[in-house]
Amino acid sequence: MPDPRRRRLEIRDVTHVYEGKTATRALDGVSLDVFENEFLAIVGPVGSGKTTLVRIVAGFLTPSSGVVLWDGAPVAGPSPERGYVFQEEAIFPWMTVRDNLQFGLLAQGVPASEREKIVAELVTLIGLEGYERAYPKELSGGMSKMVEVARVLATDPAILLLDEPFGLLDAQTRSKMQDQLSRLWEEKRKTVILVTHDIEEAIYLADRVVVFTPRPGRVQAEVVVDLPRPRSLETRFSPAFLELKRSIWKEIGRA
Amino acid sequence: MRPAEAARPPKARRVWLGLASVVALVAAYTLLSNAYRVVDPSLLPDPIRGVLRPQILPPTQRIFDAFVQLVGAGASPVGGAYVHTGDHIGGLVEQRVTLQGSLLISTYRVLIGIAVGGSLGVLAGLLMGWSRAVDEYAHPIYILFRSIPPLALITYVMLWLGHGTAHVLLPIIYAVFTVVVIPTYHGVRDVADIYVKAARALGAGGRLLLSRVVLPAAGPFVLSGLRYALIIAWMTTVGVEMLMADEGIGYLLIGGGMWSSRLEVAGDPAVIVVGIVALALVGYAMDAGVRVAGDRLTEWVKR
Amino acid sequence: MNGLWRRRLWRALLSVGALAVLYGIASEIGSALLPRRIWMVAHYLEDVELLPPYRSLLEETVFLIQSGILPRSVLVSTARVFEGLALGAAVGVPLGLSMARAARLECLLDPWVTFFRFTPALALLPLYALWFGLGELSKILLIATAVAVVTLLGAYQGVRDVPRVYLEAAKSLGASKGLILRKIVWPAALPQIFSSLRIALGLAWVTVVVAELIKATMPSLGYLLALAGAYPRVPTIAVGIVTIGLLVLACDAVALGCYAVATRWMKRSPAHA
């Protein structure tokens, strides 16, 4: 059945093997399509190749076999068009919040007045007013992750690749960040790939959840999330939410 | 966090490139230093005329000759036909100063400096890192003394100790001491501290704590301090020997002369180059030794 | 925090003060008991104050300052140190940076860097004296060599240690090579460059003192020590040593300040606070 939506990212039968003392097969024949304005979540156990896949899409890794097409053309190297938020902390510690946020704009040669405007918007968006001149050492883990997300948003990428952005946060901050990301998505309607361990997070945020098998990563199941938007605390306790959660856990149990 | 591993060429290629660069430069130097045989330097424009002389750029084969002469100097008859006392190498040969003998003496001085200065430095670092009171009283004094370059003391120390062994060794010991204190101190204070607390909670104390917890935890820091101390010890040894000793590699480099009139005898660049290369090789070998031994001793460290 | 610092300061003053008093007493006893004639190699040295009391140290300081000898010596030696530092860093830092960024250059230079790393800079003095004469140039070049080696290694290691994730993040934001060098590599490596400069500054002082002791062509601190040692005049030696010590201390404090400014963005562990 042809999908009416525009297909932006095509992952065709991608396999990746890390060569080294012991060769590690991280991905094994993964095929996935991501559509315009879609919010896709990938869940899978530790070491199932999620980061590997994201790095391939971002252009930092060439797959051992298979291809990744972005708008029909093979991905060749990183580009600001595909905004990538790393699993590790990647906020530049020697730059203030403001300089971090405008780095991508600086790289594109955006004039200073324009930069200031965008930075001011982003600061409001992530709720960090007053922290423009602070160094990252003065921010909490969650705050600096939000800066990283906003830094990527600044250049208005066509797709956002988020690799476990809230992995290290406590439950409360985490849910706050999820709400913020949800709001942000409602506002900007970007194409997003979100990698996470947290099944609830995946359901809460995504339109579609892809479940990976343990290493080597393969697509084990796809679950479409048709919960109404905008989502809220109520969504988390709705019967439909619980039903989705149950079906995903079932898929994982089958592996 | 992973450091930036830029695409590094494979090891074989690295070695090959390094070797090629050494060979190429030595070859280029050999050509340049022998150019005076082909063209008459006095015809060349001024700065080049001054440089292209064997007294300034000794031809490679002369450096090699100097090496052979210096190695064999102990055995050669005094006043042999080729000896010109008064020039650098002739003077050395006449005094039967050999390269290996000089290196041995200097190495011995370095080792004494490391042994004595190193133990004292580790001890001081341990005490200062271990006890806050000792740290707060002793650290300012340490910083004051550390600020004095060891060789600045040489004229004063001579008045107390006379002109002899102790006088030569003291600046070396002093230099090593000041260098070793700080890494040990940081190792004990910043690194060992948490383990000490954990071990105390497990009921360990006294000697056990020191030998099983503090020393191993501070070990890698002490070792890296020692590696730096080795470089400083060689530097100081060469300095002292150039200034006032009657033997050792520094003496060989400077070719004698009395205190403060040293360097007045025009040196022979061939001898100096031989000395410098020998110093670099011995320094490298000693560092490699400490590195290998250190890796053995601190195998548990994450690398 | 405040109380902690006050106690530290108090204890520092106490121990330094105690040392000063102790010296005062020792020198008074010493001037009565210590011999003033010393046998040295082949002859007697007359009228040696092994432990000059504060009185003669003060007189000597006043004399050396009023005669202009000390200020001029300080100026000459300090100028040499900073000229050598500037020259050495201007060569060492860019070379270290490019070695860390260009793999082939690194392979080519590696044996030479290793060679200079294990060659005590002082050993080059006779060679430099031969090539550049006994004057200013050979001394400054000697310092510059020592500084260049240290700063090269610092800059190289600094760049090597830049976490890869920062480079990748910049690249994925679309940064050009030049921008990455200016805004990522340089600031991230700067702390290590500054700490290598601090080490280099200390080394520069050691080098200049020895170079001046061996052969001085102008009034300078090392020359002062050499001259005073030849007489010998212990108060002059003492003033010279203390002056050098204070200068090294001041330079180190400035270097430490620069380091603190360059790294104000860094998280500090509480132990360093």
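Order of writing sets the chain letters: A, B and C. Residues in each chain are counted from 1.
Here is the rule we go by: a residue touches a chain if its C-beta (ideal position, glycine included) is under 8 Å from a C-beta of that chain, and two chains touch if they have at least 3 such contacts.
The shown structure was predicted, so the numbers you read here are calculated from the model rather than taken from an experiment.
Asks: What kind of graph do the touching chains make: line, ring, star, complete, other?
Replies: Shape of the chain contacts: a line, open at both ends.
Asks: Computing the C-alpha centre of each chain, which chain sits at the greatest distance from subunit A?
Replies: B
Asks: Approximately how many whole Å separate the CA-defined centres of subunit B and subunit C?
Replies: Subunit B and subunit C have C-alpha centres separated by 17 Å.
Asks: Could you give the separation in Å between the centres of subunit A and subunit B, each centre being the mean of its C-alpha atoms?
Replies: Whole-Å distance between the two chain centres: 54.
Asks: In whole angstrom, what separates the CA-based centres of subunit A and subunit C?
Replies: Roughly 51 Å, centre to centre.
Asks: So which stretches of subunit B touch two or more other chains?
Replies: 1
Asks: For subunit A, give me the residues that contact two or more of the other chains.
Replies: 88
Asks: Two-or-more-chain contact residues of subunit C, please, as numbers and ranges.
Replies: Residues 165.
Asks: Give the list of subunit C residues in touch with subunit B in this complex.
Replies: Per the touch definition, subunit C meets subunit B at residues 7-8, 11-12, 14-16, 19, 38-41, 45, 48, 50, 100-101, 103-104, 107-112, 114-127, 129-131, 134, 159-165, 167, 205-206, 209-210, 213-215, 222, 225-226, 228-230, 232, 234, 237-238, 240-241, 244-246, 248-249, 252, 269, 271-272.
Asks: What residues on subunit A touch subunit C, complex-wise?
Replies: It comes out as residues 58-60, 78-80, 82-84, 86, 88-90, 92-95, 103-104, 106-108, 135-137, 151-152, 155.
Asks: Would you pull the subunit B residues touching subunit C in the complex into a rising list?
Replies: Touch residues, subunit B against subunit C: 1-9, 13-14, 17-22, 25, 56, 133, 136-141, 143-144, 147-156, 158-160, 162-163, 189-190, 193, 231, 234-235, 237-239, 242-243, 249-250, 253-255, 259-260, 262-263, 266-267, 269, 272-273, 275-276, 279-281, 283-284, 287.
Asks: Applying the document's contact rule, which stretches of subunit C touch subunit A when the two form their complex?
Replies: Checking each residue of subunit C against subunit A gives 165-166, 168-176, 179, 183-184, 187-188, 190, 264-267.
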